[in-house]
Every structure is written in C-alpha cells, then in structure tokens.
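Each structure below is given as structure tokens.
Look at the two complexes coming up: chain A is in both, with chain B in one and chain C in the other.
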Partner chain A sequence: MNDRGGRLLNRYFLYLVLLNMFVNVIIFVPKILIEYRYEGAVMGVVIAVPIGMALTYLYSTAMNQFPEQGLPEIVEQGKHRKLTILFFGTIQFMWFTAGLITLIGFIDILSRFVNPEMPKLGLLGIYLAGIFLIIQLPTQRIMYFLEIVLLINIPLISLIIFKAFINEYLSWDSILEVGTHIFTRPSLKAVAAATYCFSGYMNLIIFNRLIRGKLKIWNFTAILFLGLFNLFTTFLIPIGFHGSDGAQEYLYPWISTSDSLRLVYSPIERAIFLFLMFYMSITLVSVSVHWHVAYELIKGMFKGKISKKKNGLILGYFTVLAVLGVIYFNSLLLNRLTVYWMIFRLGVEIVIVAGFVLWARRRTT
Partner chain B sequence: MPSNKVIAIRESLKSKLQPSEDLVFKEKFTKEKYLEVLYIKTISDEVVLHENVVKPFFETDSPEDFLNYLQSHAQIKAYENEQKAIDDVLRGEAVLFYQDHVFLFDCKVDRNNAVLDTTVETTIQGPQSGFSESLPVNLGLIRHRYPHTSLMVESTEVGRLSKTKVMILHDSKFADPVTVKRIKKFLGEVNIDMLETGEQLFDSLKKSNRALFPLMLVTERPDRVAVNLSNGKVIILVQGSPYAVILPTVMKDLMSSMEDIYQSYWIAKFLQLLRYTAFNVSMILPGLYVAISSYNPEVFRVQLALSIAGSRTGIPYPSFVEVLLMLFMMELLIEASIRLPKAIGPTATTVGGLILGQAAAEAGLASNIMTVIVSFVAISNFVIPINAFSFTIRVLKYFILLLSTLFGLVGVVLGFFMIIAYMVKLDSFGEAFLSALQSKPGKQ
Partner chain C sequence: MRLTSKWKLSFNIFLTFMLLSGCGFKDIDKRFFVVSIGVDLAKNSSKKYLVSLKFAVPKTTRESPAEYQIVSEEANSISEAVRIIKTKVDKEIDFSHTKVILLGEELVKRRGNAGVNYWFVRRRDVQSIAWIAVGKPSALAVLKVKPTSEYFPSNALFLALGKDGSETPYVISEFMYDFKFRAIERGIDPVLPIIKAKKDFLEINTVGLFNKSKMLLELQPEETKMLNFFLNREEKSSLWGKKGQTNMIVNTEKVKSKYKIYTPKGKRPYIQFDVSVDGVLEETTKRIANKQLSKYEKVIGKQFSKEALRVLRKIQKAGLDPVGFGLRYRSRHFNDNDWKEWQRIYPTIDFKVHTKVQISDTGLIE
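Presenting the complex of A and B:
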C-alpha cells in the first residue's frame, strides 16, 4: 500500500491540496469572492492561480529535498534550539486557526441547516471527540483516513457538481456578466481568498513525512487544472444559480446553491442533505489535518516523546480556544475576521515559503 | 538389577505423580532381564505399548539386544530431566526403566482425530471438511494441501496451567520475517492460565486486554489456511481445537469467504460488494432511522417522510425507545436460536421473527417500518462471512444509535467516521487493519 503511488503521481500530496479545495466552501471563500465580484474578484482569481501555483511549486520542491521528514525532524539537529521553539510556537497558530475557523463555520452551518434546536456546544463536543481521536494518530494513519474519506465522498461530490452543471436553472448569462468585470483592478481580499484553494501544500510541513520520491510535473499539472476548475465552480456556480446580484444575499452561497438542486428520482430529494453529509466528513478530516499539523509542531517544541500530562495540556488548549470561539463568534463576525485572516495567511505563507526555500538552498549546497 | 541412580529417579517420579486410579506401575521379568514401566493408562495407548515394548521384551533373549532395540526405536527417547519426564507422562508417554537406562516411550492416544465438517464457514461449492481436534491430524491436513519445503513448522507451549501445545506455521518464502518474529514474541508473552482454543487470544492482542475488533482470523477451513499460507500469513494451530488462527488479519480477510475464489470473477465481486453494503447497512440503519424520524424528517422526499411518520402515528414513545426495544428483541431471538437444541431452533425463529414482529406492529409497540428495518439489520449482519466480525458489528450499531439519539444526523455521519478512524488506528502485528494489500517481505 505504501509505495505504489510514487511513480507518476504522488497521491498523498494531491489529497492534501484537494482537501483544501473542498473545504474552502466552509471557510467563506465563495462568500468573499462573490462579495467582490464587481470589484476585482475575477482578476483576483486569475492572479491567484499563478501565485498559488508558484508557492506550491517552490515550497514542495524545497521540502522534497528532505524526503520522508517533517519540519520537526529536519531541524532536530539544528543548533538554534530556542529559535526553533519560538518559530514552532508561532506558526502552529496558523494551522490551529485555519482548523478553528473551519470548525466554527461548519458548526454554525450545522446549527442553521441541520440541528437548529441543539446547542452549538453540543455539536462542538461531538466534533472535538472525533478530531481528538484522529489527531493523535500517527501521520501515516491520518493519511489513510483522509484517503478513505475522499474515496467515500468523491462520488457524492462529483454527482452534486455534475447535477449543478447540467441544471436548467443555471444561468450562464449571469456568469458571463460577472466575467465582463475581468479587467477591474484586483482586490487583495479576493486574491487572498482565492489562493486559499492552493494552500493545501503548506501541510507538507508535517505530512512531508509520507512523501517519498520526487514530486513529478504531473502533480503540479493536476493541481493547476483542479484549482482552476475548483475556483470556477466555487465562485461562479452560485452566481449562475442566484443571479449576479442575488448571489451576494447569502451568507453561505454554496449551501444555498445546493439547496436549489433537486434529485428527481432519489429518496433524498434535496441535494443539500447529501452536500451537508459530505461536508460533515470533509470538515472532520480537514480540521483534523490542520490540527494534527499544529499538534505535531507543538510536540516538536519539546525534546523526545511528550508525557501524558503535556498531551492533555495541548488538547486542553485546543478545547478551550474552540469553546471560546464557538461562544463568542457569530457568523458575521467570523466572516469579517476570516477576510483579514486570509490576507494575513497569504503574507505568512509567502514569508515561510521564501524563508524556507532560501534556508533549504543554503543547507543543501 | 537397576543401579541406584535409576531407583532414585523412579522413586522420585512415583512420589511426584500422586497415586491415582489410572496411574500404572508394572514390573516385568525374564530370566536375564528386568523392566519397569510407568504410565497413565487413560491417556496412553496400552495396545501400542504392548506391541512395541512388552512383546519384544519377552521375545528377545539377550539383554543387549533389547537395549539396542530400545535405543533404535523411533518413538523412544532418552530421559532428560525429571520435570520434562513428568510433563511427558501427563501427556500420555510411558517411562521405561531398563538396566541403567531410563527411556520415554511415546504412546499417546489421540482420541479426537476425526475430521469434522465445516459448520461455521460453509460454502456452496469447494471443500466441505474442516479441521479435527487433534494437532498432528490438523498439521497433516495442511501439509496435504501445501506440499512445500518452505513450510516452516515450529511449536511452543502457551498457558500457565494447561501448557497447551501450539504450532506456528509459515511459508519462509512469502512471510515477512519481522512479522513472524513479532508473532512468536507475542505467543511467548501471552498471559493466560488455560488455553483451550485460538479464539482466546483475541483479548491478549490488545494492551488493555479488552478488544472489540477481532485482530486475528479464526477459521475451521484447511483450504483457507493453505491459501493464506501462500499469501504470506502466519498460522497458529492449538492442540484440541478444530480452529486455526491466521495472523496478521486485516479487514479484507474478515470480509472474505472462501467462496470468493471458488466462484467466477464477476460473481465474486458482486458478492463482495453485497457484503460491504451489508456491513454498512447493519451498522448505520438503526441510527439513521432515529436521526431521520426524530431529527430531520425533511431529508427524505415528502412522500417517504410522510409514510414513515404515518406508520409511527400510533407509537406512544420516541423513536429511539422503539428502536432499542425492537433491537433488544432481535438480539434475544438471535441468542436464543444459537443456544437452543437444533430441533427447536427453527420454531423459535418462526415464533419470534414472524409472529412477534407482526404482533408488535399490530399492538402499536413498533411501527411497520421499524419491523422491516430490524429484520433488515439482522439479515445484513448474517451476511458477514466471519462470525467474530459480525458480532463486532452487532455491538457497533449501538454506538451509532447512541450518537444519533444525542446528535441526530450529525451523530450518524460522525459516528460512522469515528469508527473508521478507530479502524484506521488498529493494526495487527504491524499490518494496518484497513490496508487493501498484503505486505510483502523485504519492503517496509
């Protein structure tokens, strides 16, 4: 099972990127893009593709020089122990917040569309139980789990996307209308949101432990086309369904879009429930992947194996922030915060990638 | 006359073996010779003893010839130490005291050597006979199906009191040496008093000694053992049990029937698909019913939602009580029909399944749809080919039922994926439980 994918296409790398492409629906990417559809979102998307691809390429080829090692293993022998601790302690927060926004956003969706009567903390409880079970697994096993989840879910999401594309109520005119705004000056917020689709590569910081062999050009080609398709679907399908003006009325454009789909012969008539069930598992695994990275980075701050008490403290830290987040953030506040988080994330990503590429070059030559 | 050393051994052995009804000590004389025999008659074959020892003793004239005869006999070995001699006597060997020598003669009776028919893992076509309860016969059955020099057979003892003989078989060409070493280490560390059959090792596989998933495959089919040997698995045979243990076991093994290789390709694929569907149905369906009828009836199209709600109109309690009640009834029915004598078994199923189900629906204790779901779940459960695994699923559905009662649809989906995550976590001697391919030696 282990070393079959490495020849033409490294599937583990692809899964990580694909996961982020799926989860952008929860983390407000469509909402942000649609909000700026007349103010530079189209150009933003166009620009985001080369930026995202360049970052992906640079970072993953630099990481590729350390086969089967995550960052904690790479810097283990380094001299600047204190610097490493500081660095890990800071950047783990990026992954933690990425997971946290997804989690809070999806719990909000669940309490709106599936369980309106249930307290949000109850939903958080079951999610945390699942996430904590998963993040403590070895990295390899999380990848197995991710693979299984994608394997179960990809037919489902393909069906929904297929149904969306062939739907007679999809207005291509609205899509074209938004397309005419392509030459508007791009907005930074839209660029930042659109690059999120590509930023799955950042998980390599830990998941590089599983990547053996060189990443081939095929990986990047696949990511390019998947990213283009994904951005198009994320951004323009809701516009096609709700009209170029109407689309901005929705807080979760894609959830509302999936509610416009009807599966005529299926016992489950409203596609929204298939869609939500799909996202229940995708959110679970996405938050787990992000938090696993954060968890492993925090573990990398300590030498050797961590004790049970420290492990409990890490999970406690996750729990406390998640509970506070669910209590204090309503969906509008979360949406506004996410916009700035996206810009911040893009900046941090560029700094990390540039720094790492330079550092790796100095180390290997 | 025997020397002092031999007398000392004899007296010591006699005192260690408490005098019991079936302990035999006999002395035999001829003009030149003097032989003493010590054995337990209930587990030693007296006919064999007579043919091989007593008769030659009286037929041979010179003492040297008889000594030579004893020393060259294939089933006679020299005495090593007292503890081993006692162990062997307790297994049915006889101790011979002759001149200055002490010998052990292997005359064990093997009473359970009849080959049994398969009753648990039946197939329509293909071999129909299983193992016997005798270790040598079982080994012979496997060797008969797997005639290769690379088949390695080693034996050890497990169980503090029972000292059960256990054989470890593997094909040195295919099996991963690391896995074999792990399994031997595991057998050496098993902490158990009485080992009667391989199934007892289920719990020992986990550190906590509490297992839910069977991480080894227990089979009664020699053909399955032979096929698995050729796939690089390690086989454990236990004295006195008609079941062999196959290690390491992944989920794919637990979902496979021997029929898969006796049927043609597409039919086997279809049957496998059926099994995996049944696995999911039997795990999820009760929980899904609760989630949909109590939390999110709008999931289904309106006609279906109405017909479910309609059939529940007369039911005076929430859906999870209804499900629990019916599942409880079903579990009792299954247990009863396993324990009942074969002659009454079918009656119980008829009374329970048909009449009770119908009556419960008419009495307004459960909806008609619930009755259908419960029988669906039960039948799906029986489709799982390995019995130990189908018991696991019987328990798992309550986990999902609990989560769906508390959280609705979210509980069903997350419960299902939590179970998958747990299965991803499991491994059997280094082999991930959900892996789809068998690992080969030489690769990590």
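Presenting the complex of A and C:
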C-alpha cells in the first residue's frame, strides 16, 4: 500500500466494476436484452458502451479528487446539513433496491434449481445472516472479501465461458442473425439494461475511501474491453445456444445456457451446478457491497457514530423490505419491475454524476 | 448490554429454526431415479399418451446385474401421467438423472406435440443436456431392451448417443436444448436419431428429419452419414470409390464441409458446398501404386459429390432444412423480410458440391 499512484491499474476500482458485470446475469439484464433483440437491443448495446464509459470516466475522475474519502466524509464539513440528509436518504434507496432485486432474483433461482423444498424465507434468512455480518464491517474488509471471492471464482467462470465459446452446438449463424438487426432504432429499455454492466463505478460513492492515487487511463481501457466482452457474452451466447427466435422464451437465459453445457470429464457433468455455486458467492458479495453502500449512506445521515439502536433500526428496515420483497414478488413480476427500475436507475445515475461533477469542479477551483 | 443479550437470544431462536427445516431434503434412499423417459401414443384407449418411466433400482454391489423397473401410464398429458405414476411407486420420483428422452415413432409422425416437447424444457430438474431420440417401433420397446453389456440401466443408450462410447458417423445425437432450438428457430429444422429396438441390442443408424411439428422424412444409413458430414459432427468414417474393376475404401480422419449461398442477379441462386476429406487407404481389391493415388482421390471425390448432391436434393424436395441454410441466409441479409425471401428461394435453389479428397497414407503397405 506504499506505492501510492505508482501502479498501472487500480485493482479495487476494477473489482467494483467487474462485480456488476458478473451479477447482471441475476438482475435480468440478459433477459431484457434478448427480449428486445429484434427491436433495438443491438444498437442499444452499442450506444450503452459510450454512455457507460463516459459516466464511469466522469464520475471516477471527479471522485478521484478526494482521495481516500467517501461521499459522507467529503460533505461532512458542508453547510447544507439538511440537504445532505435528504440527498443521502433518497439515493441510498437506489443501492438498496439494486441489492434487493439481485437477492430476490437469486433466491428464486436457488429455490428452483437447488433446494425446491425449502421455503424461500428460509433461504432469505441464511442470506440475510451472512449479508448483515458483512455489511457492518469496515469498507476495507469488505473489499478484501470481494477480492477473495473474485480470485476464487474467476477461474470457474472463465472455464464456463470458454466451454460455451468452443461448444459445437453454439450457432454463430443465430448470433449473426441478431447482429443483422443492428440498424433498428435503439430501445431505451435495452440501453438502460446494458449500461448496468458499467455502473459498478457508482459504488465509489463509499468505496472511494480505499482508492489511493490517481486512476490511470489503463483502468478505463480495461473496463472498456471487459465491458464489451461482457455484453457480448451476456447477450449473445444464450442466443447462440437457444436461437434468435427461441432464446427469449427462457426466464433466466444464462442459467439455461449453463445447463446446456456438458462437462464430460468433470466430476459434475452438468455445468449448471458449477455456475450456481459461482453465483452463490457472487450474489452474496454483490448484495453485500450494494447494501454496505446503502448502510454507510444512511449512517452518513447522522452525525458521528451511530447508536446500537439506530443500527438495529437500519438492519430492521433492510430485513422488513427484503421479507416483503420475497413474499410479494414472484419472478415474473420482478422481471417486469426490473425493466422500469433499470430506466429509473440510468436517469438517477446521470443526474448524480452530472451533479457531482459540477459540484466537485466548483469546490476545487 | 441488555440489547446484546436480546440479540443473542433472537439469534439462538433463529438457529433453532434452522434445525426445524431438516425435512427439506429427502434422503437418497427415499428417491427413485428416472434414467430415461419414453412417450408413445396410447393404444386402444381414449387417452392421448402412454408415458413410461424407466427407474434405476440401486444395487449394493457391482456384480449383480443392472436392474430396473419400467412403470407406464396412459394419460392426456405428461404431467398427469407422472402424477399417477407417483401413486404406483413408493419413493419420490427424481428426474435429475434423466439422460435420455424417447419419443415413439407414431407420436412424432403426428403433428402438434409441442406440449410434450415443452414439458421437458419447462421442468427445472430435467437436464437440458439430456439426449432426445425417436424410438422404433415404440419408445417403450426401446426402453425394454436390455443389452447384456450394460452396467446400469440405460447405460448402453448413454454410451451410444454420447461420444464417450462408440464413435460412428451413423449416429447424429441430439440434445434436448438443441432440439428445442431447432424446433423454434426459423431456417433450421430438427434432426433426431432413430433408435431401433432389436432383441438384445439397439440399432442406431438412421435419422428422422422434422419440420417444425412432426417427422416427415427418414434417411437411410448412408444418407445419415452424408448429413453428418454436412453438420460437421463426426469425422471418423469411411468412403468408398470404384474405378474400373478396383474398389477401395478410405478411412477418413478429417472431413470438413463449408457452404456458401450465392444469389447472383438474374440467375438461379445456388449453394456451393466445399468438402475436404483427409483419409487413409484402408482396403482395396487391387494393388494401387502410389503414383496413381491422385487419380483415385479424384474418383472418390466425384463419388462423394454425387452422393452428397442426391441427399441434398432429397432433403430439399421434402421442404426440410436440417443443415440450416435458411438461418445462414437470414444471418447474412440485413433486410427484415429475409425469411420470406428464403422461403421463396429454397424450393428452387441449386446445389453444387466440390469435394477435395486427400489420401495421406496407404497404411503399412503401398
């Protein structure tokens, strides 16, 4: 940690973005993109890349002017205390819902494929216990946790993606067929869903506490290429397996795609279980990161350290909404809501980035 | 302090709840594993389908022969049949090891079986990588065959359809997900292997070609081999050629086929197939000098092209497209009505096949 600014890549920043790229499979991004494959998803993806990159660049460079500070620390000395409280109170909801959708979606997947006889609330209980342990930790330790999870899982997911690409049943003609619809007018829903892959940078709002030194151009180049590859894989591999006409029938295109992979000589023949194991940890850490941001933002609404009672209240608020969410949202409803949530999220993101960049510029000059 | 003890208390209560959910799992000895499913048309009954499940009966030692139990039920839908079968067995039916799905010959010749096909895909516990095939004369007959070489029930089927066992160009095996892909995608049609039940072995050397809803055409073994080359699935095979009095057999090691669709303006559109074969001379009726080898290569190439053309035209005449020419056409054209165009083009399209054979080895003798 003593080589301040001397590194080519800031890996913590990369991890945050990478995490969102992985978890988009759970949060219905492939489903939304595939649904609009003939109605502008291809152009939507093409447009989403510059939008996502621009937002990433603007926000993280602006954040970079306040090294080792999260937003609560940056505005701590500000005059408009009430405005800050209102602001934090509103935007924490974005992070909370992001985590919530991921959590409900994945609990649905778990109860479908792994443990159909266990009640969903039981699964939720196990997850919440883990998540609540993690989100109260200091930010630095969550980052360590994230690093370990990614380190363990990246070989696993690389294997699955590699197997998918070399599979002889992967129909490149179907992929190209969807590609020929590139000149269709882009659909907003597809753009919003595709930009989600890039929006891991928003976690900097708290995780900037760990970013030392300047972010280099290499960070952004890496994100650009990872993002392109990620969008291609997310969107088009299920189409290659299930067809340009047939892929939209699947509720979880990527789960079904991983079920279509056969690892002949591995201990488990069905790749789906490897895939689910991978996503068990990715979901846990992703929800933890999002909720940690929400938790810290809420904590930022109060001055100084918060009391145990307040802490309990925050966790209680998380629990109640999570339980209600699991009870009331089945996967179909969740899918429909997520489409609108994505659009809303994109709007909020643009407003936050624009506002923050302007504010930071006035503040520093 | 009071707060922490409360926390501890509630955490303990939570832990006890976790113990209570112990009945979420059923133990393995209370499950009955289905290894293959057969669906036929019901005979002499008002019901629509005859669904048969082949259960593996677990054995403690490997020496004892593979035992199985087949339970059949007539019903109007698969899920109904499975519900009734549940009342006939003592254990929970588990589909997670189902690796072969057989559809009866009669069934696939009738249109409108989408409900049957979809049931398997919709079920979360049936693998997408299960093989699907046509059973002849019926799916149940195929399930009942018990090859003597079998270690555990249906293993012979698994090995024959998968590439881990025998590798032959006469089997074009098909996975569940790929069947569904082909059944929906415009421009490519399903192909299923036909498994014939013999007395104590199974014979798989033909395939059935489907349109989107039923089986229309059954290919002969040699035609199946050709189709296999078009699909680039299996390369180890043999070709024969005849020049004058000399017959020869080439064992192929590499067969690669590529095709391109040409639509010249004002002329008849055609599909150009380029096949390259790389093989070893295996058997001849006369001695062939190495100098003359290139002549024989040409002869085999011509023979291959002729046969390929015949198969392609036969498939075209039936209005089927198992290779996916239509999909290729769609993927290369940016306009929205490319599928309609293709439907107009395909019945009249011409085929041109060019085969390049290379004999790289004549075995141990010249």
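Remarks
Heads up, the rule we're going with is that the second predicted complex is superposed on the first by the 359 of 365 C-alpha atoms of A that agree within 3 Å, B and C clash if a C-alpha of one lies under 4 Å from a C-alpha of the other, contacts with A are read in each partner's own complex, and residues count from 1 in each chain.
Here is the rule we go by: a contact is a pair of C-beta atoms (placed from the backbone, for glycine too) under 8 Å apart; a residue touches a chain by one contact, two chains touch by 3 or more.
Owing to the predicted nature of the structure, the values given are computational and were not obtained by experimental measurement.
In the superposition on chain A, A:302 contacts neither chain B nor chain C. By the touch criterion defined above, A:118 lies against chain B and chain C together after alignment on the C-alpha atoms of chain A.
By the touch criterion stated above, A:148 is placed in contact with chain B alone, chain C being left untouched. Contacts of A:66 after superposition: neither chain B nor chain C is touched.
When the shared chain is aligned, chain C comes close enough to touch A:244, but chain B does not.
By the document's definition of touching, neither partner reaches A:317: not chain B, not chain C. With both structures placed on the common chain, the touch criterion links A:133 to chain B but leaves chain C unconnected.
Within the superposed three-chain model, A:356 lies out of touch with both chain B and chain C [touch as defined at top]. Applying the stated contact rule after C-alpha superposition, one finds that A:93 touches neither chain B nor chain C. Overlap of the chain B and chain C interfaces on chain A: residues 115, 118, 122, 126, 129, 269-270. Put simply, chain C touches chain A in their complex at residues 3, 14, 17-18, 21, 23-26, 124, 127-129, 162-164, 175, 177-178, 180-186, 188, 232-233, 324, 327-328, 330-334, 338. By the touch criterion given at the top, residues 112-113, 115-119, 122, 125-126, 129, 168-169, 171, 173-177, 179-180, 183, 241-246, 249, 256, 259-262, 264, 269-270, 308-309, 312 of chain A touch chain C in their complex.
Across the complex, chain B is touched by residues 1-4, 110, 114-115, 118, 122-123, 126-127, 129-130, 133-134, 137, 141, 144-145, 148-149, 266-270, 273, 276-277, 280-281, 284-285 of chain A. In the complex of the two chains, the chain B residues touching chain A come out as 295-296, 298-302, 304, 403, 406-411, 413-414, 417-418, 420-422, 424-425, 432, 434-437, 439, 443-444.
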